[in-house]
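Each of the two complexes below includes subunit A, the first together with subunit B, the second together with subunit C.
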Partner chain A sequence: MPDAGHDQAILQIDDVIKAFDGTHAVDRVNLEVKQGEFVTLLGPSGCGKSTLLRMIAGFETPTSGRILMRGRDMSRDPAYAREIGMVFQNLALFPHMNVYDNVAFGLRARKRTRDLDRRTREMIAMVGLEGFEDRRTGQISGGQRQRVALARSLVTAPDLLLLDEPLSALDLKLRRQLQGELKRIQRETGITFIFVTHDQEEALSMSDRIAVMNAGRVEQYGSAVEVYHRPRTEFVARFVGETNFLRGSVSVVSGDRAALDLDGTDTRIAIPAGAEARHCGTRLAVSIRPEHVRLGAVDELMVPATIRSHSFSGSTITYELDSRAGPLLAQVPFQPGKGHPLAPGMAVSAGWQDDAITLIPA
Partner chain B sequence: MTRAIAILVLMFLPLPIVIVVLSSFTSAGYLSFPIKGLSLRWYAEFLGSANWLSVMGTSALLALIGALVSTAASLAAAWAVVRHRIRFGTAWETLLLTPLIFPHAAIGVIMIVTLAGLGWLGTFAGLVLVHCILTVPYAYRPVAAALRKADPALEEAAASLGARPWRTFWLVSLPAVRPGLVTSLLFSFIISFDEVTVTLFLVGPFVMTLPVQVFSEVLESASPVIAAVSATLVLFTSAMVFILDRVIGIQFFVERD
Partner chain C sequence: MPRPFRIALLLAPSALLMGVFAVGLVRLIASSMVIDGQIDLSLYSDILHRADYVAMLGRTLRIAALTTLVSVLIGFPTAYFVARYRGNRNFLLLLIIFPWLVSIVVRSYGWVVILGPRGLVNGIVTATGLADRPLKLMYNDFGVILGLVHVLLPFMIIAILSVLLQIPRSLEEASMSLGGRPAYSFRTVVLPLALPGVLTGITLVYLMSTGAIVTPLLLGGLGNTMIGTEIFQEVMHFFDYPKAAALATVLLATALAVVLPLQILERHLTRRLSDGGDL
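Showing the complex of A and B:
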């Protein structure tokens, strides 16, 4: 496909609200998705991500706001009139049809019968199910059912494919494998994917952009790296990965440096004085990822701490610390031959570099 | 002890049927048991009688039309209650089941008045209407249970693949509730085919059903032809249940969700 219009928004969500019995399941959401992007809606259950997806598919109508495809308002179009494919959480394969007829359904429904057989077999081959055409959907494995659902939704070459937690029922190993396959298929077909999940690891590894949702709103919309390393709200910092979240008030501002007095302690930490920390007295929080916390000998680094416990996960060791700044998590690479992990009760010090700090207005 | 009682009860249940079937093979000129000699003469009389055959035809047609109409109506009602969650859904469901609660004699009297008002008393159309009302309770429950079990996401999947509502209905929704539909058709057919009490009030010189004819024959004479008719009915219904169960599968004991 030529690159022309590659940056054009294929889908635009404009101030969309969905109210159920007076509460806003989706609350003033604005999003735009570019042609060919892999976008993930990430959030805990009940955050509105599935409702938003169902409005894009046409199964729910927005209470207010607009949903535009290529600039045309389609908020009130029936689902069958939209060129949007969907993979359902429970897959919703037609139980009375075999694999072939499930995949061919969309072509028959849209009366594209000329190259029906070729196209159907092509899709079955793309998901690696040759030889299973005549099987009933009850006679194949969970992973294979997943592939049928994917092939069925892609056979009509939709403008947009919606995926509603399609991998959540699978075990970890199969899930990883299918994640890779989804990415491959998305690259090969060039179709724009909108993927819903509550699994932040899945979101980080697959997406071009992630919309982190909470209580019906989009808290942050950005690349995986931005969402992880520059969370804009406390919710994002805590939901995407683990973090050390420290609150306080700005007490000193001097040039490009500032100091933050942490709540509930007598500890003061140094922070860069950005736009967030320009005045004394400003309430701020800092988020520091555990893998950016360094450990040193007593007094070597900024914050005195004692080791409370550790957990080993192969490549890294995560320490829980009691520190002057409160409880902290520090994740350090495990180096073979460098002896045992630090023992509980040991006195150490913890520190971090300026660029590990994300300032969040509190 | 309880086991013995249970076995006795289970043996007693089919006993009348066995007796009817056996006594239909009598060679005597009156109904009796045990039978005197073996003969097929009463079957010959039944199948050779234009009157019996025409009455059986009427009953079969009545039961067929009644079953189709009340199953279709039940599907529509269940669709509204289960899929569209209409207001007072459970109240409507209860209302559909009321023909089970009212005494059939009372329904018969009410129907005389109603059909007379419509000018349908003693007509085939009148019987169809009444049999639909009587069979709806039996038709509604299996089809509603099947619809509750069917996954609404299937219909959404079909829509997202571009299928318009009618296409979705024919290709996806209907196959999903097919066992329930077959059960509904079967039960309403059998109920209608067997119905005596209410129909007794409504038949006339121009329309007569098989069970009512059997009933009036019993009052007039004790001819063993009645046993032959009854045995044929037993065979006919059993065969229907057996074949449908083999071919499509019947949900006999449908549970609600």
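Showing the complex of A and C:
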């Protein structure tokens, strides 16, 4: 029997549009977030992810559509009447208060003074800031300020926590560390998180589900694995990780195999026939991740190519290839003692397995 | 150019300015206290023993205080509106400082036209039968305060606006997301952070209204002059410089008594805030 309490949508966004001066910053977005989920809104700057977050928080009102919390329409409720916490991009700590007063603010504002001190100290302990209660927000480090913002937003035990690129100002190492802590705190508190970022690695490593946004729309909403391995649009394929993106027309369909004539070349590649590739003449694009491109000796694999350059990144080597199918990226594991990387100018061949191919209607 | 020489060159203009200012101030105070080479405070005891002067001093301080209060009450909401305005803020700012383009004499005369016994307001009030006699809207404290607020309000608005513009909108949003209603957010977040600007505005407006000359002259009655006007008349009509100097020193002392604590408080608040890091 399904666990109704756990799978229930805590937040539901219905056909929400936000127009600024006639342009749609958010354009017909539908999303549903389950209790306890870690959902990321991922997209480039200006894609509408922050505007969507601000509508959930109550700082903007949707031009049309509804935002429901546990089934109740709250699109027009003022921000202070929603049980939603928020961590701001600039953190927005109160500069005239110390750490303790910043964290206690929500309890005082909501007049929950009965166990104010216990609850405040509990939150400060959860983010590891014991001993810093009396410090002013200018007297602590960037990472500590981050933790104050987090503790402050969680002290009222909100139903939902919104995080607007809170880690973007930190250096990589601190960022990794705080990503881990965010996940831990989310697990410990069981609070539903909606996290906004333009960093696809951050999104992939942290999220239960990712909504990839572009130009005000949600291009794809799914698990990290789905979004990475089964991108549904060109935008998703290109934005989430690197990819080889080849366009063409279906030229042959025979049983469970089909062939794609690539645009601008005289190259034909084999693809699995299926829902996308059923008829000759259908326009299709193929997305193949660089780590799924294999390199072999000349004529061993499907596509003849020459090495243009290579770059070494520790565990892998990424080759840029000039191939009959156009420029390709191939990423292969680096094996110490297995000789030198392939030299620029070398003739090779490139290929991939069927299950590395994602077909995208073009 | 050698470094000490450069520093000296840079300091010269301000040293000159402050030197002239200090000499002037010392000579002003001296001329009220030194008579025929002797220190003589009789001018001060004369002033303090004349009931009309004491009343005038009290009225000056009262009018200045009321002008300041009204300016805060009008200036804060105006500054807040401008700071949160999403459109062309510079246009609003232009409207606010627009009155400065007109001479203070002309502006005060404008009020005479509006508030006078045969002025615009009384014309309307008597014509419509709202009152059977013209209202006394000027030649009293009301007229002076109105005129002073009109002249000095832009200083208050700009002083407050300059701090409000440094408070990010996200601080209020953070307060709201934590359950703070607008009034609570205002009281606990906006007001404490805006206080240094309010204190600056209070200092400016208070000082300028205690020293006002033209507005009380044109809008105040003969029987309720302010100390600035009185000093002006002592100098321009009676050529009694020592007395004018004594009155000016009294004005300076009362002003300092109010302004110094405000300045100390403001400095304290600003230091506390700068400990708080970037807004």
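One rule holds in what follows: the second predicted complex is superposed on the first by the 358 of 362 C-alpha atoms of A that agree within 3 Å, B and C clash if a C-alpha of one lies under 4 Å from a C-alpha of the other, contacts with A are read in each partner's own complex, and residues count from 1 in each chain.
Rule of thumb we're sticking to: a contact is a pair of C-beta atoms (placed from the backbone, for glycine too) under 8 Å apart; a residue touches a chain by one contact, two chains touch by 3 or more.
What you see is a predicted model; the values in this text were computed from it and never measured.
Undergrad: Check subunit A with both subunit B and subunit C modelled on it and let me know: fit or clash.
TA: Result for subunit B and subunit C: clash.
Undergrad: Taking the superposition on A as described, I'd like to know which of subunit B and subunit C A:Q139 touches: first, second, both or neither.
TA: Second partner only.
Undergrad: Which holds for A:A109: it touches subunit B only (first), subunit C only (second), both, or neither?
TA: After superposition on chain A, A:A109 lies in contact with both partners, subunit B and subunit C.
Undergrad: First (subunit B), second (subunit C), both or neither: which does A:A125 touch?
TA: It touches nothing on subunit B or subunit C.
Undergrad: Once the structures are superposed on A, label A:S153 by its partner contacts, choosing first (subunit B), second (subunit C), both or neither.
TA: both
Undergrad: Go through the superposed model and pick first if A:F88 touches only subunit B, second if only subunit C, both, or neither.
TA: A:F88: touches subunit B and subunit C.
Undergrad: According to the contact criterion defined above, which of subunit B and subunit C contacts more residues of subunit A?
TA: When the residues of subunit A touched by each partner are counted, C comes out ahead.
Undergrad: Please write out, lowest number first, the residues of subunit A touched by both subunit B and subunit C across the two complexes.
TA: Looking at subunit A, the two contact sets intersect at 57-59, 78-80, 82, 84-86, 88, 90, 92-96, 105-106, 109-110, 152-153, 156.
Undergrad: Would you tell me which residues of subunit A are touching subunit B in their complex?
TA: Where subunit A meets subunit B, its residues are 57-59, 78-80, 82, 84-86, 88, 90, 92-96, 105-106, 109-110, 152-153, 156.
Undergrad: Tell me, which parts of subunit A touch subunit C in their complex?
TA: Residue list for subunit A touching subunit C: 57-59, 78-80, 82, 84-86, 88-90, 92-97, 105-106, 108-110, 136-139, 152-153, 156.
Undergrad: Across the complex, what residues on subunit C touch subunit A?
TA: 168, 170-171, 173-182, 184-185, 188-189, 192-193, 272-279
Undergrad: Mind listing the subunit B positions that touch subunit A in their complex?
TA: Spelled out, the residues of subunit B in touch with subunit A are 151, 153-154, 156-165, 167-168, 171-172, 175-176, 178.
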